[in-house]
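Both complexes shown next keep chain A, but they swap its partner, so chain B is in the first and chain C is in the second.
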Partner chain A sequence: MRHAHALRIGPVGFRIGSDRPEPIRALRALYRDYPAPDDGVPDFTVRLFAPGPLRRFLRPSVMIGGDFMIPDAAPLPLAQGLLAAEMAMNLQMALGQRRYLLLHASAVEREGRALLMTGISGAGKSTLGALLSARGWRLMGDEFALVDPASGRVHAFPRLVSLKNEAIAEVERAVPDGRFGPLLKDTPKGDIRHLVPDARALAAMREPAIPALLLFPRFGFEPAQRVLARSEVFVRLTQASTNYVALGEPGFVAARRLAEEVPARAIDYPDTASALAQVEALWAAL
Partner chain B sequence: MTRFRAGPRADLLVAPLDAFTALYHRPSGITHLLSTPAPELLDTMGEGEWTVAELAAALAARFDLERDDAALTARLEELVDAGLVERW
Partner chain C sequence: MGGPVSRPLSRLVSDGRLLAGALRDPASVAALDGDGWTALLAMARAEQLIGTLAKRLSGQPMPQAAARVLADAAASIAQNRRQALWEAEMARRALAATGVPVVLLKGTAFLAGGLRAGEGRSCGDLDILVPRDALPQVEEALLAAGWSWLKPDPYDDAYYRRWMHELPPLIHRERDRMIDVHHTILPLTARPSPDAEGLLADSVALPDGLRMLSPADMLVHAAAHLFADGDLAGGLRNLWDVHCLVHQFGTDGLAERACRHGLQREVDRALRLAGALYGGEGRSLRGADRLYLRRLLARDGWGRETRPLTRLGFYVRSHWLRMPPLMLARHLWTKWRRP
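Here is the complex of A and B:
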């Protein structure tokens, strides 16, 4: 590919290649403080290419490809090349990651212990992760938490925080000195703006943490908390994992250990202030 | 006479969680979530071969249960369908 950039997020190295320079330029700018893959060898390769020869010029758009592909993925407008790169990197992780149990979760750390928040899209994972990192927590990631089946520890994956719709303005207010990407309007996921994780998150991206609290947040409800049975936690974790089945026995071992050893709560919240208060109170009570 | 047997114990990773037991079946790579009496049934069967009558007697002795061979047969057939027990 004519244009390329290589980088490491936590323990995972990527090489992103593109027919067009724009997505790579945007990636380079936002990922400028990220290290190169270990020994220069990426774990995953991502390709962004034009859907056909004419589409390089006419309504230019990008298709997502790489080591793992979804055959019927729709192209994105070139202006959303950054989103395409991000989606392609997520896809490689979701389909190809075999070393860690991948949980669709945001994670923050304090004193070596990790809080994991998992839930459906729109539950507030990214927003809560970004807001907690502005309040003294170390952001480990807003999309994937990597659980090592051997040690039970969580490894960070602090990619760019992907803020959507109403969360954009809220996080802009809470992190006035944050480094944000361009506002991407009208993407398939609505409006999106990326936030670069802070210097602390990047400096410590290789430091794992011991999982200490599992939260299953739900946005749009009156404040409420519920202790979850271990079996429910186990099932929810298998559902929140993109590679549980592919991982086989190590995935079972990792999910079982989390379900058995880590306190878990479902929390409902009507606004982020309520969520943050509940999180801090639950953490203080551990 | 139909006989039933569970696979080798080493094929199973068993995690009693609460009212449910999570079970990983190594040969198939499938995770099962079992409720009573399935975990007790598998445990009692061990690696032996059983007729329904033999197993019903063993369960009645072990768990102080009323014998119900029809219900036991139904539970065994469920485990056969799940791939955890073989008809022998």
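Here is the complex of A and C:
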């Protein structure tokens, strides 16, 4: 393709090609400090292209494609090309990743041990991940945690942190010296602004951690905590995984091991200050 | 065709020859750099040949990153194989009480029969062949066992039942897997009419009671599917099947069998093209073979389809082959008017 960029996020290499220069330019700027894929051979190819010959000129927009595609993906406006690239990379992971059990979760690390937070969209995964990283934790990722079925360890996937709507201002305040991408208004998911993970997160992106605590946060409720039964944890993990079924037995082994060995809590919170206090207290009590 | 390595790498990574060359001569990958590997893997994924490639290249020296991708592909294919065989077993159980002979077709047959063509092969839907007069029983038994119609539509349903070589596709409610129930191997509207009774009569029993076609009929079916029924999309994989079947079973008696099904031209072409792409018996290309190769190899290093005009030509041809012109017009008109 005419414009291309290759990069590595944690252990996973990507190559992104585009008919138009804009998405690649935006991607290059924000992924400036990311390494190249190992051996120059990425794991996944992403393609960004015009929906049809005319759309190159008329209301230019971007279609998402690559090694793995969904048939009815809708195009995004060219101004949201960065988002298109991000979504396309996520799609490759969600549909094509077979080395790790993929959990839709944010992950942070301290002293070689990882805290995983998973929940529905809007539960605050990305926000809490970004805020914890501003308070001395190493950010491992805000979207996917990669669990190695063989070792049980979590591998980092520190892509750009994707902040949505109200979370944007909150994280801008908490991380005043953070490197942010352009504000993308009126995307299919509302307003989006990306935050580049800090230097520490990038420098250590190859270092896995031992999972130590599983949290299932829920935003918009009075502070509360609940210990979860192993069976519920297991079911919630299978729901939070995009490739549990496709992996077969290794997926089952990885999810069961997490459910059996790692303490798990559901936490409710009305605001992020309450969430952070609960997280720190639970971590200290481990 | 010249050997793939003699061509400049820059040209090679923009044509399916890179993939065909790696399957034909695994040692040729030693010449690849990072970009060459990247292109090879993207093409193999797009042509659904990555599992086959993983199998074929095992033991070859290669960059670690490429080895990792192929190891993932091998694990993924192992799971795919397990699911495909399980689906065949589910169909066997659902149909056992009917006493109808059930012949596995295509990928599932290669896997169940332990054939070379099944090594690393990906397998999507379950395809089976049953006697035409047993279709009502088979349909009833499958519906009772949890399969249901994928897209119930009166026109499609009537069209399938009157003109097609298979029932409308069924999908299993819980396992989300499709089954295609064939009663012959080409649409009834196509010009050749294969001998469906002969296919069943010559089929071979597998240990669990299911059956597969005789090796010669498997080859005839692969050729029919490729050249008398479709637009050649996915053709590199079909010709790899052909290559493996020829390598494993030879071609004794094949010409006679092809003749009986009225598919001699298609089988001859499949043998010539498989030879040109993957090696084997030297048969020189003839007639429009080069045009077919151009279509089959229309894939670039980003995994994209190339040569839109050639592809369009083969697409139009596929409809032309499937039905006479007036019928085609009526069919397209009905399909077009529908919301």
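The rule is short, and it goes like this: the second predicted complex is superposed on the first by the 286 of 286 C-alpha atoms of A that agree within 3 Å, B and C clash if a C-alpha of one lies under 4 Å from a C-alpha of the other, contacts with A are read in each partner's own complex, and residues count from 1 in each chain.
Rule of thumb we're sticking to: a residue touches a chain if its C-beta (ideal position, glycine included) is under 8 Å from a C-beta of that chain, and two chains touch if they have at least 3 such contacts.
Here the structure is a predicted model, which means the values were calculated and not measured.
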(message) For A:Glu260 in the superposed arrangement: first (chain B), second (chain C), both or neither?
(response) first
(message) I'd like to know which partner A:Ala229 touches here: chain B for first, chain C for second, both or neither.
(response) first
(message) With both complexes overlaid on chain A, does A:Thr238 touch chain B (first), chain C (second), both or neither?
(response) first
(request) Decide which partner touches more residues of chain A, taking chain B and chain C as the two options. (result) C
(message) Looking at A:Gly248 after the superposition, I want to know if it touches chain B, chain C, both of them or none. Which is it: first, second, both, neither?
(response) both
(message) In the overlaid three-chain picture, which partner chain does A:Gly13 touch, first (chain B) or second (chain C), both, or neither?
(response) second
(message) Output check: A:Pro270 vs chain B and chain C. Expected answer is one of first, second, both, neither. What do you get?
(response) neither
(message) Does any part of chain A touch chain B in one structure and chain C in the other, and if so which residues?
(response) 248
(message) Per the contact definition, I'd like the list of chain A residues that touch chain B in the complex.
(response) 229-231, 234-235, 238, 244-245, 248-249, 252-253, 256, 259-260
(request) Could you please specify the touching residues of chain A with respect to chain C in the complex? (result) 1, 13, 15, 17, 37-43, 45, 47, 66-67, 98-99, 246-248, 250
(message) Looking at the complex, which residues from chain C come into contact with chain A?
(response) 33-35, 37-38, 41-42, 45-46, 63-66, 68-69, 72-73, 75-76, 79, 82, 302-304
(request) Would you pull the chain B residues touching chain A in the complex into a rising list? (result) 13, 15, 17-20, 22, 24, 26, 29, 31, 33
